[in-house]
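As written, the chains take the letters A, B, C and D, and residue 1 is the first residue of each chain.
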Amino acid sequence: MRQPDNKLRLGMVGGGEGAFIGAVHRAAANLDGRIRLVCGNFSREPDNNQRTGASLGLTANRVYPDWPSMIRAEAALPESERMQALSIVTPNQLHVPITEAALDAGFHVFCEKPAGITLAEVTRLQRRLAASDRHYGLAHTYLGYPLVHQARHMVRNGKLGQIRKIYADYRQGWLAGGLEYSGNKQAGWRTDPSQAGASGCMADIGTHTFGLAEFVSGHKITRLCAELHSHIDGRQLDDDGSALFRTDGGASGVLTASQVCAGEENDLTLRIYGEHGGLEWHQMQPDTLVHRRANGDIHLLRAGTDREYLLPTTRHSLRLPAGHPEGYLEAMANLYRDFASAILDGTPCAIPGIDNGLRGMAFIDAMLRSGGHWTELEIPSTEPHTTGVKA
Amino acid sequence: MRQPDNKLRLGMVGGGEGAFIGAVHRAAANLDGRIRLVCGNFSREPDNNQRTGASLGLTANRVYPDWPSMIRAEAALPESERMQALSIVTPNQLHVPITEAALDAGFHVFCEKPAGITLAEVTRLQRRLAASDRHYGLAHTYLGYPLVHQARHMVRNGKLGQIRKIYADYRQGWLAGGLEYSGNKQAGWRTDPSQAGASGCMADIGTHTFGLAEFVSGHKITRLCAELHSHIDGRQLDDDGSALFRTDGGASGVLTASQVCAGEENDLTLRIYGEHGGLEWHQMQPDTLVHRRANGDIHLLRAGTDREYLLPTTRHSLRLPAGHPEGYLEAMANLYRDFASAILDGTPCAIPGIDNGLRGMAFIDAMLRSGGHWTELEIPSTEPHTTGVKA
Amino acid sequence: MRQPDNKLRLGMVGGGEGAFIGAVHRAAANLDGRIRLVCGNFSREPDNNQRTGASLGLTANRVYPDWPSMIRAEAALPESERMQALSIVTPNQLHVPITEAALDAGFHVFCEKPAGITLAEVTRLQRRLAASDRHYGLAHTYLGYPLVHQARHMVRNGKLGQIRKIYADYRQGWLAGGLEYSGNKQAGWRTDPSQAGASGCMADIGTHTFGLAEFVSGHKITRLCAELHSHIDGRQLDDDGSALFRTDGGASGVLTASQVCAGEENDLTLRIYGEHGGLEWHQMQPDTLVHRRANGDIHLLRAGTDREYLLPTTRHSLRLPAGHPEGYLEAMANLYRDFASAILDGTPCAIPGIDNGLRGMAFIDAMLRSGGHWTELEIPSTEPHTTGVKA
Amino acid sequence: MRQPDNKLRLGMVGGGEGAFIGAVHRAAANLDGRIRLVCGNFSREPDNNQRTGASLGLTANRVYPDWPSMIRAEAALPESERMQALSIVTPNQLHVPITEAALDAGFHVFCEKPAGITLAEVTRLQRRLAASDRHYGLAHTYLGYPLVHQARHMVRNGKLGQIRKIYADYRQGWLAGGLEYSGNKQAGWRTDPSQAGASGCMADIGTHTFGLAEFVSGHKITRLCAELHSHIDGRQLDDDGSALFRTDGGASGVLTASQVCAGEENDLTLRIYGEHGGLEWHQMQPDTLVHRRANGDIHLLRAGTDREYLLPTTRHSLRLPAGHPEGYLEAMANLYRDFASAILDGTPCAIPGIDNGLRGMAFIDAMLRSGGHWTELEIPSTEPHTTGVKA
């Protein structure tokens, strides 16, 4: 039986006052009107937890003191009432434990990236999901941008010819100073190995450059030679790094992720070149895709529902005609919307999932192991999960 | 019974399948989780109406066959259930009649612009609102952009010195061909005097340039000299026009709005200059405000919750740190959010309202009357309404 | 004796130390190695005059104390030695008198714009030139930019269809303060009616917007409705103005020129739209021409000798492959180069000439007469001169 | 005794019809009117040689059949007539032999980069120059851009704090296809080891990224880990490569140079970050320098003689007020002008010289040796030459 309002009932762990990404997930989930937040455990601090729940219009009995009790209690509710999927927006070290508990109780999961903090635990999770029918979405938000899909399909359709070079850069500046020593919550956990895992910058944004490079090129990065750096006294995790790499499709490239490029915002850029041309995309101007042809022609592709030169899949993930900018929230909303459709309507769930998460963990692992030497990505042999972009 | 969720209960007229702006309003209303759509009359075509309602998760009994019956029926529901506010997204000629009926029944109104189709009816509406305690929001979406507020406050705080020049341009290209003859719904009603009123382009986008110029400068445009044009055989309304103008603050400027700039998207731009510097803002890159000083210094102000150089009011209307773009839906969401807060929490409702709407009608009226001669804006003498930006 | 070097022997009036445009003309004349400066009268101040001449490597006997004696003395030299053409870079009021004297003595003339200070004197000059075989080049430098030619030819070849809208803007900020009161030489004469003529801003930069609009569109502006302004106490000439206008080809548009847009540099922009698309060009990024098609396609045309999509005439005026920027000096050098070729090699001299100058004066005249009313451009009936772009 | 016209008498080897860089050197040398071309050996093909000389206005007796005879004959002319300096614009393998012969005969040298084709020969040349009083300029044109100097001085003055990250990229696309197989002269010699030396892309443009990174940062790159690639069947030299690197100042970074980024023009970009901020500069928009501060402030510095916020050394190398673009020819003209001043007036010659050339060769050498392993730059111990930027 279906809720009369035909909306996905979502629960959330994390995202209390002072957190950043939780509110972003909620806005993205709200945008298309197909998801309703029904319960949450937003903070380990009881006051924060209750305040957040109340401000979101939840009744007190569905604001839970901790995530195990939430999963237990929700599972005990009537099927037509209980949450159907759980959104996990906690620090990284909890991603796998909560996901596993949610799956145990039969819930679908939508998780902030990275999927976990070790390659081993994410491999375990992948295998488990591959054997289940639950959906698992991973918030690789940048892969929700319409023109990123357009780029991927142009590459697949041979517009660039054989791909040769891939450059993916993500430059931030917010950790150029020692923000973690000034009480900033975000900076605090992201630089703390016990919460963030063995990597800082690579886990936080390096995985975005990696994921974007693979998603658009359709290639798999097989080996890399990387150096990681840390620029603040006492900081235990990497805040910066770059790698030369090779792909299974015969391309090579460079990947950079840094959080100490003082003054930079979220300068994620992809440049990809084949025999016949190149594509350039900037996250900070996501509604333009630059297509250069070998003869020097430069074409600007623009996001917009009214742009017939865009592929149907691209236009499907747009809401507005060209020139009315859609941004980051809309990109994440695209992931949530397709996740909800998969559960409510049984459509295929072609959003980033655990298979992407597993490759991302293998990437982080290789970056940490490289130490300036060429290193293979070690991808455990697994079966693919149903959620996820298919080659 | 439902109220515990502390959300504004919204109804909607218009916005069925094939319409554009209704879906935009719904997404914007959804974004911040403070508004719940509870009823609607989405189309005069019964099938479209029901399909739209169902797809939005409404129960059939709150999808009404016409707007008079909706207003009547909702008013008859228990106070805790019935809609609190009505969103009007129909063609222009219905804006005033529906607004008046909604006010009669005690509902707040959020209306797509323009407020109406004649200066006379909007004057009547303004006077009525000025005497009531109902809120009335007008979807001057571009005034919801955070950096537009920043610009306004920089001007008020004297950063530019005495304002001398104002240039406001809005260039679109979608009516460069005779789109209304190919069955396009949007183009159809917007070029039909019986639905759009006496003006096409000026009512549709000219009012945006006018509103933006006045909002940021803090000046009132008092007189103008304009030419309107129509470029397609058989098209009855203007699709293009420009005006020289003067303000009550001693500035002069130029205003352009066109829908026949073939290939242009939504190129709304404001440039404003004073003794000491200038500001430049482009709707298509809304997260950057260019500030030039007389000595040649160029400063880029960037939207972002983490930008301490922005005013609190600017940061209040942002959701993301700099570099994660927010766009058009977020701008409209800012209007809906403040509208909802005003009703739910009693906060001041400083969004565009009927006073802006009335000035906008006077602008359209003067543009239509000018015929290439200097013409005064005729603003009826009225009391201000509580909803609206205060000087 | 010297002639074997096959270079045009040029003289110059004006351009001493402290002047701006004279040094620019000399650099532009030098660039392509076809012109040799052989004499000059650079300043009325004897020391400045001699110092400038010496620094340019001229022998003292060809640095003249005033322009009448220079013209006389040069005319008396053997034909193979004397200057062949005179470059005039003085304040405006001397343009016509010096030109006439130079023509009397048989010299070709290359003159800084405007051609003169009254419509009457320029009409007289035009008629005289039309009856002579001397070349007369006018430094409408912006018409020397390669992509401006590309734009003109794309319009002529029908790429945009019937032209409907033309917007030409030139925004500067250098006269936002009272620079003329601080001893600035440039500002001094340009705001002094006895040296600059009856117009400041329109004569200085308004003519550029006018010339650019006509050159690219191929239309003639026939009538306009303008307002001029002056923003500094005691300033006698206009420092700002805008006009609505109509063309003989059925297009309409807006033209703006201002020197009080505080903080702006040399923001000259042309936007032109026809039935099928539009072109946009910015002087401050002169190596890119934006071509939009009605279907939303956006194409960037880039300056470069290696760009086969450019017309031969465009590539002829480029020196470098795409991506190595050419700028303002190269644009003026294109005018000097074609001027020199016309004299040395007898090639057609398709650079701006007195016919452009005459239309420019008629434009200034109409702008000054308009006072906010629609006004016809009064173009005296004349025969065309051989120098100049032909329709 | 000095030529009455006070100009440097220049000879040239290379630069006949069909060559690219020779004409560029001539235009750059012409621009400021301080240099006169007096002789040349432009091509090994006699017709081309004579035609080029004649078109440049040279008398036939100073157009020489080969460079050895030119050097010999010029040295035999009276001191006041003979060339003073020789410009070398041949393929790379002749750079050192011609330079040595010119020095033997007492001439100053201005050489296209790279200085030579092996580290050994350039080391020998450096040592010889260090012991002589002749000037030697190397055409690292990008180091002639005014805002590159501005960036260097801002770094030196501590505006960014301790430098941490340096990213230098140069992306071209002209060798994405096998242009050398279609008779293109440029492509032919640049991909032929017997003319270009052991490296293609690194020698041609990699040295620019290296030189720019060192020049602006003031750091020396000490070690690197690089991969070079070649993408066309039969192409013997690298056409692409990237390196991770470390500097003597404790910074790290990435350097990329590619000629197979299909569709790219001359996209040379530098990004440099320190504790307190970053600078970003793009060769294709050379008149803007982006300065970001750690707090998010973004400042655009603009080239222009009227920009008082620029350093005197920056303004010295500009010719125009802000907003009138200067480009690549002007950048090279800055090198020629300072080279000419050094010889004519005895001013210091702070342009790139043989010390830069030697470091560039050591860079190429290390890139070729690296093969994916960390490799030290091997800089021979030498004394500095008088020509060149001093630390």
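Following the convention adopted for this analysis, a contact is a pair of C-beta atoms (placed from the backbone, for glycine too) under 8 Å apart; a residue touches a chain by one contact, two chains touch by 3 or more.
This one's a predicted model, so the numbers in the text were calculated from it and none came from an experiment.
Colleague: Any chance you could check whether A-D or A-C wins on number of contacting C-beta pairs?
Modeller: Most C-beta pairs in contact, of the two: A-D.
Colleague: On a CA-centroid basis, which chain has its centre farthest from chain C's?
Modeller: It is A whose centre lies farthest from that of chain C.
Colleague: In angstrom, rounded to a whole number, how far apart do the mean CA points of chain A and chain C lie?
Modeller: 55
Colleague: Nearest whole angstrom, what separates the Cα centre of chain A from the Cα centre of chain B?
Modeller: Spacing between the chain centres: roughly 34 Å.
Colleague: Taking each chain's centre as the mean of its CA atoms, how far is chain A from chain D in angstrom?
Modeller: About 44 Å, centre to centre.
Colleague: Name the residues of chain B that each touch 2 or more other chains.
Modeller: 264-265, 295-298, 302, 304, 306, 322
Colleague: Contact residues on chain B for chain D in the complex?
Modeller: So the residues of chain B touching chain D come out as 295-300, 302, 304, 306-309, 322.
Colleague: Looking at the complex, which residues from chain C come into contact with chain D?
Modeller: Within the complex, chain C touches chain D at residues 4-7, 20, 23-24, 26-27, 30-33, 37, 54-59, 172, 174, 264-267, 283-286, 302, 304, 306, 319-330.
Colleague: In their complex, what parts of chain A are in touch with chain D?
Modeller: Residue list for chain A touching chain D: 160, 164-165, 167, 169, 171, 173, 176-177, 225-227, 229, 231, 240, 242-244, 252-254, 256, 258, 260-265, 271, 273-278, 292-298, 372, 374.
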